[in-house]
Amino acid sequence: MLKIGLLGCGRIGQVHARSLMRLDSAKIVAVADAFPASAAALAETTGAEVRDVDAIMASDDVDAIIICTPTDTHYDLIHSAAKAGKSIFCEKPVDMSADRIRDCIKVVEENGVGFLTAFNRRFDPNFANVQARIAAGEVGNVEIVTILSRDPSAPPVSYIESSGGIFRDMMIHDLDMARFLLGEEPVQVFAVGSALVDPAIGEAGDVDTAAVTLTTASGKICQISNSRRASYGYDQRLEVHGSKGMLRAENVLENHVEVATEAGFKRAPTLNFFLERYEAAYLSEMQHFVDAVTNGTPAAPSITDGLRAQVLADAATESWKTGKPVSV
Amino acid sequence: MLKIGLLGCGRIGQVHARSLMRLDSAKIVAVADAFPASAAALAETTGAEVRDVDAIMASDDVDAIIICTPTDTHYDLIHSAAKAGKSIFCEKPVDMSADRIRDCIKVVEENGVGFLTAFNRRFDPNFANVQARIAAGEVGNVEIVTILSRDPSAPPVSYIESSGGIFRDMMIHDLDMARFLLGEEPVQVFAVGSALVDPAIGEAGDVDTAAVTLTTASGKICQISNSRRASYGYDQRLEVHGSKGMLRAENVLENHVEVATEAGFKRAPTLNFFLERYEAAYLSEMQHFVDAVTNGTPAAPSITDGLRAQVLADAATESWKTGKPVSV
Amino acid sequence: MLKIGLLGCGRIGQVHARSLMRLDSAKIVAVADAFPASAAALAETTGAEVRDVDAIMASDDVDAIIICTPTDTHYDLIHSAAKAGKSIFCEKPVDMSADRIRDCIKVVEENGVGFLTAFNRRFDPNFANVQARIAAGEVGNVEIVTILSRDPSAPPVSYIESSGGIFRDMMIHDLDMARFLLGEEPVQVFAVGSALVDPAIGEAGDVDTAAVTLTTASGKICQISNSRRASYGYDQRLEVHGSKGMLRAENVLENHVEVATEAGFKRAPTLNFFLERYEAAYLSEMQHFVDAVTNGTPAAPSITDGLRAQVLADAATESWKTGKPVSV
Amino acid sequence: MLKIGLLGCGRIGQVHARSLMRLDSAKIVAVADAFPASAAALAETTGAEVRDVDAIMASDDVDAIIICTPTDTHYDLIHSAAKAGKSIFCEKPVDMSADRIRDCIKVVEENGVGFLTAFNRRFDPNFANVQARIAAGEVGNVEIVTILSRDPSAPPVSYIESSGGIFRDMMIHDLDMARFLLGEEPVQVFAVGSALVDPAIGEAGDVDTAAVTLTTASGKICQISNSRRASYGYDQRLEVHGSKGMLRAENVLENHVEVATEAGFKRAPTLNFFLERYEAAYLSEMQHFVDAVTNGTPAAPSITDGLRAQVLADAATESWKTGKPVSV
């Protein structure tokens, strides 16, 4: 039974708490949050104690830390937890600065603690199935990866101003997915972008519609496109063209009902909310983390995966700003 | 080059004429119709001569007769053509009376002429593919056949009054398809029906919504349902459950475009008009007839297939009227 | 917080216990099972106490009873629970005898306790969506209902010998679904059946492949077909043809990935195990029961729904045995 | 009745001849080919006369010229035909040199003759439907266009050596399609490419796997990817993400049959041969040309469309070679 300290009791912290409650092999012992009411509420639901962060780090009855606090706190928390010998599950991004992530890698490695960077989409049953079948050789050598990702609607401009922009807060998931599926590091990034959804996003110095091309040393190609708004919901698709075939993960719709009328055949919209769309992924991700820590095996995506996705997001941002391909 | 005399220049006659014009191995030599203007128009399009029926039967330059005239004329035309040694392509139904079809079988057999009963749906690329894969053993032994067939809209009551009713004018196609897919003769028919689409159809002594259950000697089961009206178009689907798997033929839609909006994912309606839906089937059917006559091999569906479908339609009508299963 | 006593800690009892643990509004207080080890195991997982059945019926801290024991015990348990004023959630079938179910209805009504007959499929998100859209008038008047239901593989003959046969142990779900979707009581049942999957099933006096036609007073038609074996998994589909359109619930597949190779486009098999296929339905069913009891509103499907499905299953069995349609 | 002179009786010439034979409003009067036997064969099939090119240009009974000869002959034939006042249907590419196409535009405009550049895919019923619905505003403003195009197998290296490379011989169709769907001229092209299918293609100085990003002045984005080889057939898909929704054209499969077995649900491969996949497009294209010339309205795609696609293909080639985005 892995004993957990959960830091940050907001929306994503609650998601992970619910996953942990469904696992027989883990138990939330303590929770902490800057807002005492949030911590108290999650303590009530989970049966955990409220403790402050330092106390959790010092607790003998805590084996692993789940970090769901704001990004700018990750660096210090990772350092504290690693030094305290706790395994770490850290929400993405690990940090907004690649150099600071490198510092975190150092402290994690020095202390030999387990670490999972929470790129939840790798655990989606569909995308995980695609990757497993690539690994099994079902489509031969991967040649072209295509990732189509659109959010239902744009976040407020205030969020974008602090998020690092579309490549760092949204496309970073797709950049990690590209690495997961390509099986080889991208060496070049080319990005274009436009503010087509909301001019205020453009005025804030970002774009809401973006496309990236990645290439690897052996010549594999990945095309990604993002939009901050899709009238039909949360659009999350990808496909992999290989030497022996093609794998395609389609959207998850609200249900499997089709209605036929004079207007044609109509199916349901996509699952519209990311917590619902990726519910199974969040559960599977936590199961993987708990199993890895319990068994002493490495968790994946690792903290290095977290670094590499951030480096790609930085390169995409630079490419978009300069209009030129960027080597990584 | 098979030389053809075409009798009946109405809608279905024109369909067969167009098919023949696309074949290199056949040529329409002569056409006839009770309405001289119809015959003249088709002669103009095809380059054929207008002749009267007797002249066509007596023509040395005519090898085969295509019968597209009203059902009540089929009997005499089949007799004349068979005695004249012409191969025969006959629109369905061969005749409204099973006994009279038996007479036709006799004259066809006595004169050794080729004969095809025009159950065009057997030649639909989808349904033909299903049957070929059954024959190849892909789903093992056939156990349950399900046929769903709906017309876009009900014909005028005047048509129904002379058509013999829904089991004979509409479901007969499905009854033939059932035999084609079951690979075994039905021995019992149970039918139910209601006038739900148009009360006038009920007042005319028929139904517009009907369902039939067929069973064979070895216990295979077929369920068929029909409606005279589908808001979403011409619905033509079937599936075959076998010991090793299931084959399913889906509808043919107007195109392969899907639109996603707030309302969900919408595909096009079905091809709505039977001539368009079965265009490929009509061409393939005629190719088969021409090849069979040219090569001296039997055409299928045969005149006996025409008889058996009519017997099943009669039995379904009786079952619906009496409320009891009918043995055949 | 609804306090629950759960009777029967086998497979389905465990399913309902897991659902209850995911609900905030209910709590399992006590469990009972003829096998002490089973009760103890479930008590451990849920934090409930083990009590004997009489003690549970007498417990002041138990509001509602979940009956997951063998069918032949339902009658007595329903009587005890009703007299003790407990609301009742009862696994299907309520009883193998329609007359004994009528006795149960009497005791439930006399004591005014809530009752839910656990036809879980009504709570499947897809089928529930179909019914809700019928109710909203989306396809106009229902005219033809088609239900296709196949199990992955046949149960042992020993099960069939005591189950009451395919119409009572398997098709009863589809008969209830037919009533749910038709919105009108069937007045006639016609059934056919064959032992095509396993001759031993035939020797045991049952069939493994069956088809039923239901008709209602106003002329609506329902066709159901069942097979005990589908190579491709648990096949659960239905469709509703109405005056304004058609609703179709497709299978739930293991994932949304398609692979394209020389052989064509291949999607995953269906979710193969009923507990997995209907996981969401079991949860939604329990939520509905807890809400209904808590709010004092009627739960559905009711005990009368349980009776009517049993009457239809009896009629189907009789029709299959006699070869004649049976009025109900 | 439009009277046609057809130049070049090879594979694509035969395709257009078959289309013309299915149209009532046009007639092939004369054919020419450098190989007399080819001309004679097509004359036999169509009932046309064999004439030499100069004679066709001089014929009073020829209204329009179909140019299906090798690309390097187009320039002179366009000049001759335009000066002779004949309308022109010209296979793509108009010429390998943009400057020479500009000369052709001049002679076509000076002589006021009709001209169609045969980008057949615009006439595919699916792609044409997508464009018509964009034009009707069904998805609002176009923001992202995604085009996925893969050939069943790579051509011989000898073809590639003279074809101008993948961007000019294969992707040019997609570049034209991008313009058709974007409704706005691309202003920048970025291309990447690799020889992953056949190293000999790389040795010949070309690539077999390529991806392009186009951007327009207003910020619309198009991503195209190509492969010379797809194990599953001729893969031709596209989608358009707009402010109000998304339109998606899926592949055309060999049939609409699905088989379910232990391995899952399997549909047919794509129509594998471009002449079959685009049969309807070829017919519709010719119908459009004949109608436009007959009615004196402009045909589209125009010769200017032919120029712009070639300019984009040149820019893509340059971008791939230099590794930099190219402005157009």
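For reference, chains read A, B, C and D in written order, and residue numbers begin at 1 within each chain.
The criterion applied here is as follows: a contact is a pair of C-beta atoms (placed from the backbone, for glycine too) under 8 Å apart; a residue touches a chain by one contact, two chains touch by 3 or more.
What you see is a predicted model, and the numbers here were worked out from it, not measured in a lab.
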{"item": "Contact-pair overlap exceeding half with A-C, pair selected from B-C, B-D or A-B", "value": "B-D"}
{"item": "Pair exhibiting more inter-chain C-beta contacts, C-D or A-D", "value": "A-D"}
{"item": "Centre-of-Cα separation between chain D and chain A, whole angstrom", "value": "42"}
{"item": "Rounded Å distance between chain C and chain D, as computed from the means of their C-alpha atoms", "value": "57"}
{"item": "Multi-chain contact sites of chain D, meaning residues that touch two or more partners", "value": "230-232, 235, 244-246, 260-262, 268"}
{"item": "Chain A - residues contacting chain D, complex", "value": "141, 143-144, 146, 148, 150, 188, 190, 192, 194-197, 209-211, 213, 215, 218-221, 223, 225, 227, 229-232, 235, 239, 241, 243-246, 323-325"}
{"item": "Chain A residues within the chain B interface of the complex", "value": "230-232, 235, 253, 260-269"}
{"item": "Residue ranges of chain B touching chain D (in the complex, touch as defined)", "value": "22, 125-126, 129-130, 133, 138-139, 244-252, 255-262, 268"}
